[in-house]
Amino acid sequence: MKWNVYLSGEIHTDWREQIIQGCREADLPVEFTSAVTDHDASDAAGDVLGAESSHFWRDHKSAKVNAIRTKTQIERCDIAVVRFGDKYKQWNAAFDAGFCAALGKPYITLHSADIIHPLKEVDSAAMAWAQTPQQVIELLAYVINAK
Amino acid sequence: MKWNVYLSGEIHTDWREQIIQGCREADLPVEFTSAVTDHDASDAAGDVLGAESSHFWRDHKSAKVNAIRTKTQIERCDIAVVRFGDKYKQWNAAFDAGFCAALGKPYITLHSADIIHPLKEVDSAAMAWAQTPQQVIELLAYVINAK
Amino acid sequence: MKWNVYLSGEIHTDWREQIIQGCREADLPVEFTSAVTDHDASDAAGDVLGAESSHFWRDHKSAKVNAIRTKTQIERCDIAVVRFGDKYKQWNAAFDAGFCAALGKPYITLHSADIIHPLKEVDSAAMAWAQTPQQVIELLAYVINAK
Amino acid sequence: MKWNVYLSGEIHTDWREQIIQGCREADLPVEFTSAVTDHDASDAAGDVLGAESSHFWRDHKSAKVNAIRTKTQIERCDIAVVRFGDKYKQWNAAFDAGFCAALGKPYITLHSADIIHPLKEVDSAAMAWAQTPQQVIELLAYVINAK
Amino acid sequence: MKWNVYLSGEIHTDWREQIIQGCREADLPVEFTSAVTDHDASDAAGDVLGAESSHFWRDHKSAKVNAIRTKTQIERCDIAVVRFGDKYKQWNAAFDAGFCAALGKPYITLHSADIIHPLKEVDSAAMAWAQTPQQVIELLAYVINAK
Amino acid sequence: MKWNVYLSGEIHTDWREQIIQGCREADLPVEFTSAVTDHDASDAAGDVLGAESSHFWRDHKSAKVNAIRTKTQIERCDIAVVRFGDKYKQWNAAFDAGFCAALGKPYITLHSADIIHPLKEVDSAAMAWAQTPQQVIELLAYVINAK
Amino acid sequence: MKWNVYLSGEIHTDWREQIIQGCREADLPVEFTSAVTDHDASDAAGDVLGAESSHFWRDHKSAKVNAIRTKTQIERCDIAVVRFGDKYKQWNAAFDAGFCAALGKPYITLHSADIIHPLKEVDSAAMAWAQTPQQVIELLAYVINAK
Amino acid sequence: MKWNVYLSGEIHTDWREQIIQGCREADLPVEFTSAVTDHDASDAAGDVLGAESSHFWRDHKSAKVNAIRTKTQIERCDIAVVRFGDKYKQWNAAFDAGFCAALGKPYITLHSADIIHPLKEVDSAAMAWAQTPQQVIELLAYVINAK
């Protein structure tokens, strides 16, 4: 059985690479998907369709193009990992978590203990809260491989 | 036809009251629902079930009790209004927006122009972006009453 | 049992009024809903949220505001009547028909015989094709009241 | 990850071939599907089941046979591209767009700027509006391959 | 709590009237719905839309008009009662049973013991098999009123 | 807003009456539903349809008749309360909990602390665990009435 | 693209073999599934679970075992072909058709012209009516292979 | 056609191994999945995320981690086999059965005759009741391979 894992959220640290690398080392049958994590490319996703003079509509257009990808990836995934860093608003990560919750997709949150309180609604609908990528790897290994 | 409108997000200003009052004055057939907005009561929602020594589990327990209410309200609503203020993380508001998006519930975001960029994913799945409660009232009046 | 009928499409003739009036005369327990049929008001639906310099985005914004209403109405309806006139593109009517088809909502098309061929896909997913409002009234009377 | 793209609408220009060719050159993992685009074959789809004396029923029968194919293709697709040319009514394209919208399938519209206004409802539920096949190819390349 | 009961199938005996009368006497909070049971009226349901020279299309048109009613009634019902008599094919009754089964609507079959074998698939997805209208009345009374 | 609460499980103590009475005293807008709690009547639910010589089929027939009621009640409810006593297997209560979980219906478990371990799967999908009917009443009052 | 076709209904003639053979000769990418067509084996499907003294329960048990197979096959299929012969009741075929209709699975009926009238409800929800296996083969070839 | 079978319930006997071995010997195209059946590992599933001082929360955390696996497996399966032994409460098995029932997944119960009565609700929604692993193997062989 192959597992499809969607990695959502923070793009400023290498948590995705750590998880992907760790799962590869553990030889887990996982396919990972993710939003485009190149910040500038993501912001410019809609530019190919023509320039916009308004910031709102440029963002809007790019966000919708990105959503073609992320909505499809979330709907296909078996598990999502949603990462919140200590900087930035990351409303898109919370949005993805809500999207998963409504679809009944199990998700794991990944964040440090100092933001437990503002994330309580997001965590309460999650299947697990991890603090390190290593914990996520171990969870995935257990979920997929334990007998 | 009666409309059911769910008001999500920021609890530190009187935007809910403004919208409810405005709709009442316009005599719109709207029933409003909302999470518990008394911050302390909301944090203590699970305390009746027994004290917790861990902050995480106290939050967890209360968040789930609150979700009994909010999940039901969102699933029943026709339209959601999701408010982001300029303070606090408000990840629960973004979570509600994602939940609405996955269910196909139309929602209107309500926030000032200076947070357009971090809210681009949330806005891109919204049906409208308003900057003032007054605009929301006018939108609702149009949606419900225009011929 | 109360029936909810959504009237979609052409706004330049009085077909809606004929159907509503005919059903009222027949004392049918029907509640009708419809998009905003005031053309200028509909085009300006989003203007309350701020002016747009681009025609595309003004249309986009208004169309989404209108969709808050029409999507809700279609999802609530038991039957839709979709009218195609001989002028204008009326792609929104065909869009509504496709939306109904995917949701499994029964719909009746209302159009003259000279546009049978370009409407064949739309008609083939319909439950009935009527050529006059009077026929629609008789259909509704039968569906609702026959023993 | 393999992507399934449904190409809907206008059949009088080579936009399908351009997109398919462009994606092949970019080596994108896309499988394309489409309605039967041979106009006469499509109109005659039901003839094998017996001749009809009525134009309406011949069209009806063929449209349903064609729908066996297109409905299945749309339900399987990840993304649809819906093309509107400047000739013909193309109500079937708008119907497909509405069908996608109700299913939550992301779709991209492809049309020139002079029909923005009549397509505003169709565009407002789309994830992107492109004006050239080349833009669609670039969008797909970004959605599928960007890191 | 109000219950909505759909009565499907055979139209040549008074089983519907017996059930309705019996539930009325037991003062059960039940609303009954049913296809049009006037055989000639049902066959002519589509005639208002124009005459047909082909028997197949006349039947087709009428059957679709009738389905506007029955599909809506089945989707709204809480329980269906599906009656098979010893005459006629009654494929529409079996069709309704399959429709209920796929929607997860509980249904009760009503037929004599001598057609157990050909009805085994229909019965196996039913919640109960009754042989008399009186049994159906007692079942409904129990389901609705027992403490 | 009216709330519909389904009470599932143990039938040997008066926990249902306590909750109903407590909610009535608190004047909560709640409608309660429940399986038939008269044990003998419930076991005999199918007897009206004819005697069975096999214990298995008598149970089977009665359980299906009871399921007409309980399935409908669960699908209509907003919240379920699932009670596990310290006697009996109560697999039907766990079955109802799983049914709720799959439908996304929020449920509250009600049981003493000494059966936490065997109920861990059931509790982990619940929105709250209460130990007394009084706690359930307070939870419902909060969920429904808090501001 | 691979197509999955479910063959439902009459088991006394070789229509299944004709369709399978014809599709093989046309080299169509179709996988066929079907209920067990060995009549005695099908009636005895549940016997392995123990003998039954009642005809009803023996049929019931076997029908449910068979439904494990057919329900799964129908839910997986892209297209169903539902065959009605001129003998027997074949209520299971009509049941399958209703099941397909409720799931939105396109189906083709296969029957002679003399049973048009009793099949009108079943035909009216079908995508095509064929009179010979050869027509079904040609339809499938068109649906799958036409350009 | 490949079949996916989920094995739920009792972990103290070798019924899983018997079924897997028997299906392998019969060369059936079945993929089996199952919860983690190592009792201690299962109870400790959440420990990697940090120690808990409360028994309830340790169980809760582990049960949710396990549910990531089991929920995914149940949603992917074609058939579930749910085993009840004569020891232990096995509420999780009944929970899985209810989950299957609500999703419309066919399941087979496997238990001895002496617990027919307490399992009547669970059995009544099952497609078959088996008493031995050998019977399950024969059922699967029939469902999958019979002609």
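Labels A, B, C, D, E, F, G and H are assigned to the chains in the order they are written; within every chain, residues are numbered from 1.
Just so we're on the same page, a residue touches a chain if its C-beta (ideal position, glycine included) is under 8 Å from a C-beta of that chain, and two chains touch if they have at least 3 such contacts.
Model, not experiment: these values are computed from the prediction.
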item: Option in D-G, D-E or F-H whose residue-number contact pairs overlap B-C by over half; value: D-G
item: C-D or D-G - the one linked by more C-beta pairs in contact; value: C-D
item: Distance from chain E to chain B - Cα centre to Cα centre, in angstrom; value: 43
item: Chain A and chain C: spacing of chain centres that average the CA atoms, whole Å; value: 40
item: Whole-Å gap separating chain C and chain E, where each centre is the average of the chain's CA atoms; value: 31
item: Mean-CA-position distance for chain D and chain B (Å); value: 37
item: Multi-chain contact sites of chain A, meaning residues that touch two or more partners; value: 64, 67, 104, 129
item: In the complex with chain D, residue positions of chain C that touch it; value: 55-56, 59-60, 62-64, 66-67, 84, 88-103, 113, 115-125, 129
item: Chain B contact footprint on chain F (complex, rising order); value: 1, 3, 78-79, 104, 106, 108, 127-131, 135, 138-139, 142-144, 146-147
item: Residues on chain F engaged by chain G in the complex (per definition of touch); value: 52-54, 57
item: Residues on chain E engaged by chain C in the complex (per definition of touch); value: 31, 33, 36-38, 41-42, 45-46, 48-50, 61, 64-65, 67-69, 71-73, 76
